[in-house]
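Following are the structures in question.
There are two complexes below, and they share chain A, which is joined by chain B in the first and by chain C in the second.
And then the complex of A and B:
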């Protein structure tokens, strides 16, 4: 599977600590919220990238393996993770949405996270349009629908709800806090089996 | 608070060099502040000529091929990477005097100091290592 990312770091064939060193250099050049893919053949990189993300505070999204190549996905975090104020007036809690998902009624869910975040865990039936693309792709959505907008913590979905309201959408709900605390079932891309 | 790592490098072989510089670059890449104090044979690891041809331990020469196969970076590469990542390199003045070495004998961008310099650096380190 191919996941759209902002930067690919090729550390294939390189031994420890090179994959981490290359990642560090590349992430310095990214903006907060952008996603990096590290390609490595070093088996140690599977544990190391997670430990690195933990000590630097960046968000580890997941790892895929294809043949002997690992693809690790990391999203650069905000400098100090200051929560923006949630201004959109209509919201639903995670558990309310979870109950609705269990019901019969068809509901529209818009996930405004990055494709790599979406690939490693999303709500069944949700549609992915990253916040940065929403301005251009809003016409893929029906302004008359009731749309539940979700992201990781409720910040990006808040911005998305405000943006779509300006475009004439009337029936939007911001899902709070979002996928970071989602306890219900999630769907993910199929991982190719090991050879 | 950011992690601070203080390392003493007191041995001058190829394996010693990898232990020191792998840990140092990994720590620096993980946003830690890293300082290494090079003393006695450890000075080989930053000596302009010596660090290009560090000896393998006796009986371990056959690992040379393994290093190549695993595509492990060379010591000079690791040293410059460490410096790029902001690792502080301190050479021990006393050992330099004993061995009759000057600052010009070492790679660029090092500091020279005594034991007290290292202690002052290491006093609030979270991780202290000696190789």
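And then the complex of A and C:
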């Protein structure tokens, strides 16, 4: 699968610690919310990128393996993301949406996370437009539809809901908290399982 | 190599040198820079070894957090998974002007594979016996040499050390034996037998599913080396596996495989039959071994703690002493025994199912995968934690 990222770090052929050293340097140059792809051949990078992300607070999205190359995806954390206030008045909780998904009714879900986040776990049938692209791509959506907007924690979807309201969308719901606490089924791109 | 490497006083420590330190109960301070999960799973141990874990990626902004925790006066060894990160961090520590800073050659990967041959003793009938200590993993294997012939028992995956000793002593490896189908390490038995042109022997009851030809070890059918002078006498002693076989060598040494260790006894669950094999295990230990001469020298296939190593770096004990001190041989009754060997067992060795499949010849992982499967402690005894 092809995932849109903001920065690719090529550490193929490099041994530990260089993949993480390069990742750290690159992520310092990224803006919060942007996604980095680390390409490495060192198997140690699989566990280390996750441990490093945990230690630094950045969001580890997932790893794919193709031949001998590992592609690790990390999203730079936004320290204030969680503290932002949710201002959009219409929201549904995760479990309410889960019940709706189990029902017969067709529903529209907009996922405003980064493509890499979306690739590693999303709601079935959801459409992905990253928050940063929404301004230009709002015309892909129908303003008359009832649209459930989801992100990781409810903040980006809050911003997206406000933005689309300004554009005349009438029937929007912000899904809270969002994918970070989603316990129902998710769909993901086919990846080769790692051992 | 960077410019800094040449100027810094970072020194390489080989697995052999580290083995000497561990076996000699010398003092060493170890900074392990692998990630926390790997560290918690498995680390360097020694009686006078103090070890801390700070992942290298937590030291990329500076090594001060590590310096604060490293004592000034001690020899410092930095270790990582392979080598690179320990050099990277070690160089920075050395640049602060500290001395006695080492990194471990080949990292934990090489440490897990390194074999240290130690002479156990002479044979009455002429010849000698060596124990190969795999310090990083707690595995023990053996070579018995007499005149121009040798037999190897419980061969580790990497076979070069056996070939080297055989060459050094100018002997031909004639037989290669496994006491049982191993679940904690990949046997090098087949490889060694092919490389040396030796015959490979397995207990048939463990070999139901093996896919390659082998010779059947049969109780009381002795193998001979040293032109018939030295007897390797198989004794059927089930319990760890259904086929587990002990060897009495030179009427002096008892190779117990994974049935009896120095500080513990074998676990019966790794082939998935804990309940079934409890009474076999108890019978092998209490009846069979219980009736053997007390002065026999027990040579097991594993050790659990480095404290089991003696001053020469080898692991052995008199059978009589084990009947006095080993908790596994001193359980009041069958109920306590059953409880001990079936309940609260330590975690199973890493990838033990795949290792068994590999030893049967049913799967053929490449070298990197084999190494990966063998990572971590052996955990074949009931008291291992």
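Note that in this section the second predicted complex is superposed on the first by the 187 of 195 C-alpha atoms of A that agree within 3 Å, B and C clash if a C-alpha of one lies under 4 Å from a C-alpha of the other, contacts with A are read in each partner's own complex, and residues count from 1 in each chain.
By our rule, contacts are C-beta pairs under 8 Å (C-beta built on N, C-alpha and C of every residue); 3 or more make two chains touch, one makes a residue touch a chain.
Predicted, not measured: the structure shown is a model, and the values here were computed from it.
J.: Let's test your reading of the overlay: on chain A, do chain B and chain C clash or fit side by side?
T.: clash
J.: Going by the contact rule set out at the top, does A:47 touch chain B (first), chain C (second), both, or neither?
T.: Touch status of A:47: second partner only.
J.: For A:13, is the partner it touches chain B (first), chain C (second), both, or none of the two (neither)?
T.: First partner only, chain B.
J.: According to the stated criteria, A:138 is in contact with first (chain B), second (chain C), both, or neither; which is it?
T.: neither
J.: Taking the contacts chain A makes with chain B in one complex and with chain C in the other, which residues are shared?
T.: In the superposed arrangement, which is not itself an observed complex, chain A uses residues 15-18, 20-21, 24, 48, 51-52, 55-56 for both chain B and chain C.
J.: Could you pull out which chain A residues touch chain C in their complex?
T.: That would be residues 15-18, 20-21, 24, 43-44, 47-48, 51-52, 55-56, 195 of chain A.
J.: Applying the document's contact rule, which stretches of chain C touch chain A when the two form their complex?
T.: Contact set of chain C toward chain A: 35-38, 55-58, 60, 80-85, 88-89, 368, 372.
J.: Touching chain A in the complex: which residues of chain B?
T.: 3, 22, 25-26, 28-32, 70-73, 81, 85
J.: Taking the complex as given, what residues does chain A use to touch chain B?
T.: It comes out as residues 13-18, 20-21, 23-24, 48, 51-52, 55-56.
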